[in-house]
Structures are given as structure tokens and as C-alpha cells.
Amino acid sequence: MLDQLTGTDKGLVHALETVVVNTPFASFCGAQILNASPGSVELAIDVRPEIMNQHHGFVHGAVLGFVADSACAWAAGTLAGDVVTSEYKLHFLAPAVGQRILGRGKVIKASSKIVVTQADIVCVNKGSEKLVAVALATIVKV
Amino acid sequence: MLDQLTGTDKGLVHALETVVVNTPFASFCGAQILNASPGSVELAIDVRPEIMNQHHGFVHGAVLGFVADSACAWAAGTLAGDVVTSEYKLHFLAPAVGQRILGRGKVIKASSKIVVTQADIVCVNKGSEKLVAVALATIVKV
Amino acid sequence: MLDQLTGTDKGLVHALETVVVNTPFASFCGAQILNASPGSVELAIDVRPEIMNQHHGFVHGAVLGFVADSACAWAAGTLAGDVVTSEYKLHFLAPAVGQRILGRGKVIKASSKIVVTQADIVCVNKGSEKLVAVALATIVKV
Amino acid sequence: MLDQLTGTDKGLVHALETVVVNTPFASFCGAQILNASPGSVELAIDVRPEIMNQHHGFVHGAVLGFVADSACAWAAGTLAGDVVTSEYKLHFLAPAVGQRILGRGKVIKASSKIVVTQADIVCVNKGSEKLVAVALATIVKV
């Protein structure tokens, strides 16, 4: 994913922004990189209910899945460069009601082949945050 | 999800088509119900690469995640009516290259509160099928 | 699992010790309840290498699985009473080398039917702790 | 795990029996290799209720976890040689009541670094089989 790793957090943010530009689905979702440092990343998307919701009026799980997968893969990418997601598990904890979704990814363990990561998915509704999903993922170096 | 369960497969297909109409993200993805019977469902989406791809040029994992989650939830819905996904695990097996994604969901075990389901996610490229992801999910009755 | 929930942490520890006594596999493993409070629990086992190891000389994953499953189920039990594990995912992070295994379980979200929990599995080797596994589990009220 | 892969199924069974002998926890559980072929394995254990049960009188989930983990890792080992389990997810489907537990592991996809596997865990009660758990695992070559 990240072709070039840099030593500065600003460099990591910039590298991830380039990933977003080159990832049609991430661009379509409007993914924004809020923070990045070695082993962690925070991204956000703005909710477009007319596209992103499910049948109960909440943000669709697939959108939360995108944020979870990206938070995990991009956190791994800050340490491991170009990566792909091997597998993830996603728990939905509460209905996602709000205007903005945050994904906070963190590396738990990076080994030579595999990076184990976790992510918290938070929904922001009128300024207050709620944890709506958690994920555990296996990310693999390309 | 399914407000009315019917005894015929045609009725199940029709009920799921109504779910798609009422689910903005599923409508956006163009989800089509190919088959449905008690305990199983098959859906399809046509790939729009300019929106649905990732940075290596394959179909994005979040799109496969949508198909997996829907295949599992809708298979559960054929037995349990209105449901939500509690959690799922998704393994990516191969790059998703093709024009069409199929999701085949099946109930493994339905108990009073919880329905355990699995799904195979298949990518169709120029007429030939390839298994690109598998999922195991916990679906809960509303 | 817990037939009686009490308002005091000492009461929770005592209730869990009764669970251990009534659970042959937990008794066999020598599970000890170190701490318990509403929504969290810490347990320990002493490693018996002649029984509990695998072929590389580390503690067997099934023993870590026992600690993970118990930490999750018992943490849920402090809030929900008698429970069973519906599913869990367990990541192995590092070889488990040491004399003692600790399991620290915590409730992430308790709803009416389901309790989502996580656990850290720690191996203590000559007094120093190492995180060797993490788990995410779905626990269901009986 | 398997130091030497052989071209015959009898050779695979023999190689796995050597693994069991060298794995204290597997020996303790009395793991028996019933069948092995490239990409699949079937193992069995006899239930000793006084050690292997949980508090409701069923076989403990950790014992099913051992069978699931072993079925997945050993199935991968038939193709990949020495392996370790990276992660698995285990769903419990029904109370495990019976005298014998079977684990049937199968490789879904073997790539250069990672082998994705699944397992069915079956409990045999007075001669009749019941599916009591299913697993999906990531196995890594050493």
C-alpha cells in the first residue's frame, strides 16, 4: 500500500492520502487521513445517508467494514509498507447514527510476514462520539 | 429485515428484493437476488471498477464485505425474519478480478436467538468463477 | 455460569471460584481467579509443560484458548449471570514461554441477549510479562 | 509441524502421529489420526468427562478448540510442512454430548505464506454424529 515509508508523521499522512487517491472505493467514500504515526492511523468519512445507510436508517455495516479494514491495513502499512488484508473480524456494537465515522487502527504485533491489528470504529453524532464497532485483522506484507 | 416470511422461494426472492429497495447501500451496489430458499440465498452485483476497486486494481474488500455480510444476513433472514449482523469474519483468498461478484449464503445453525451462517464469495471473470473470499457470521433476530 | 451475582468484587471472585470447582476442565487446568469486578476478570494458570506444551516447546494454543475463552465468558458472567460462549476469535502473537498464563477479560458491550468481550492473554516468564494472544468473543446469556 | 511430507496418505498419517507423540497436550488429549491426505485430515479424541467437561456437563469448549486448531493446522501441514496457527475463529453450534469428538480439517486456500483452513467439529453420541462447532483458521508456514 505505502510504497515509501517516511520517518515523519506528516510524511505518513501524505503517503496515505496518496493511497486514498489511488483507491477508487476509498475516494468514493471520501476517506480522510486525520492522523498517522508508526503503528497507528486515524481516518474519517462523512456519512451520506442516501447512499451509505441500511434498512433501519443506520450507517450500513459495509461502510463500517470499509473503515475498519482501512484503519487496520493502513496502520499496518505505516510499519510494513505495501500490504493487503488477509482476514478481519468485525463486531457491531451499536446502531451507527451520526454524521461522521472515525476509524482508529493500531498495530498489536508486527512480525516478519504478518501484522496483527485492531480498530475501533466510532460514530460522531452532533459532536458526541460512540463506539459502534471493533475489529481484529491479519494484514500481510506484499 | 424480512417482515414477512413466505413459504415459497419466489416469495423469499420478492421479500429480499424489497429489502434491497429499502437499503440505500444495497441499492447503490446494485444487489440482485438470484435465488432464495429457507436457509440459503444467492445474490450478485455487477462490478463498477471506477468506484469499487482498490489500489491494486482488484475489487475492494469492502465490496466483498458487503456481499458477504448481505449473503449471511439474508440467508438468516429467510428463516428468522428481521435480523441484524452481530459479527462476521471474512477471509480474502485471492485477488477479485472480474465483472460480477456472487455471494452464496447458507445457514449452518439457527437457534432461538442466534443464526450462525457462512458465505462463499465468488468472482466471475469472463464467465469463469473463482472463490475469492469466505465468511462466518453471527446474525441476531431483532 | 454465575448463578448469583453479587454487588461486591469479593462476591464475584467467590462466585467464579465456584464455577471453577464445577467445571472439570477448569479445575484440571488449575484456574485461579485473581480479580473480578463488574465487566472484568483476571485469571491465572500455572503451566505444566509435560501436559500443556506443543511440539516447539511452547504452551499449546489450546491452553491459551482455554484461558481466553474463560476470561471472556467469566467477564461477561459478572454482568449477565449464567452464560455460554457463542464464538471467539483468537490471535496468537508470540510463542508462549513461561511459568504462568494470565487471562484478562473485559466486556466491550453488554446488550440484552449478547455480551461482546475481549481478552489479553499474557505469559509470565521469570517475572516478566509478555502479551502472547488476544481474543474477541460473543457470549450469550443462557 | 510435519518435517517430512510424503506422497502417500499412509505416510501423512504416520507423520502426524509423530507430531502427536511430540506434542504433550495432543498426547494428553489422546489425539488419534483417522485419515490424512494432501489438504485434509481427520482426527479423533475420546471424551474423558471427569477432565474434559464444563459446568453444564458438556465437553468443554477448550477441548473442542484443541480439536479445531489441530484439524486446521494439521490439514495445512499436509501441504506446507512445519506450520503454526496464526489465528482461528470458532463457533459453538450445539452442546457437545457424547463419547468421542471428531475434527475434520480442510485447506480452503494455500498460498506461499499463508494457508486458510476450515474445520468441522463433530460429537459422536452412541454412534450418531452431530456437528457441534465450526472453525476458520489462518495457518502460517514456519
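Per-chain residue numbering starts at 1, and chain names A, B, C and D are given in the order in which the chains are listed.
Following the convention adopted for this analysis, a contact is a pair of C-beta atoms (placed from the backbone, for glycine too) under 8 Å apart; a residue touches a chain by one contact, two chains touch by 3 or more.
This is a predicted model, so every value here is computed, not measured.
Undergrad: If you average the Cα atoms per chain, which one ends up farthest from chain B?
TA: Farthest chain from chain B, going by C-alpha centroids: C.
Undergrad: Quick check: superposing chain B onto chain C on C-alpha atoms, how many degrees is the rotation, to the nearest 5?
TA: Superposing chain B on chain C takes a rotation of 180 degrees, nearest 5.
Undergrad: Among B-C, A-C or C-D, which chain pair copies the contacts of B-D, with over half of them the same by residue number?
TA: Of the listed options, the interface copy of B-D is A-C.
Undergrad: What whole-number Å value describes the gap between the mean CA coordinates of chain A and chain D?
TA: Chain centres of chain A and chain D, defined by C-alpha means, are spaced 34 Å apart.
Undergrad: Chain A to chain C: how many Å between their CA centres?
TA: Spacing between the chain centres: roughly 29 Å.
Undergrad: Suppose each chain is reduced to the average of its Cα coordinates; what separation in Å results between chain A and chain B?
TA: 22
Undergrad: By the touch rule stated above, which residues of chain B touch at least two different other chains?
TA: 86-87, 89, 91, 116, 136, 138
Undergrad: Quick one: which bits of chain D touch chain C in the complex? Just the residue numbers, please.
TA: Going through chain D, the ones touching chain C are 1, 19, 22-26, 28, 49-56, 60-63, 65-66, 69-70, 84-92.
Undergrad: Show which residues of chain D lie in contact with chain A when the two form their complex.
TA: 86-87, 89, 113-114, 116, 136, 138, 140
Undergrad: Can you name the residues of chain D that touch chain B in the complex?
TA: Touch residues, chain D against chain B: 89, 91, 93-94, 108-109, 116, 118, 131, 134, 136, 138.
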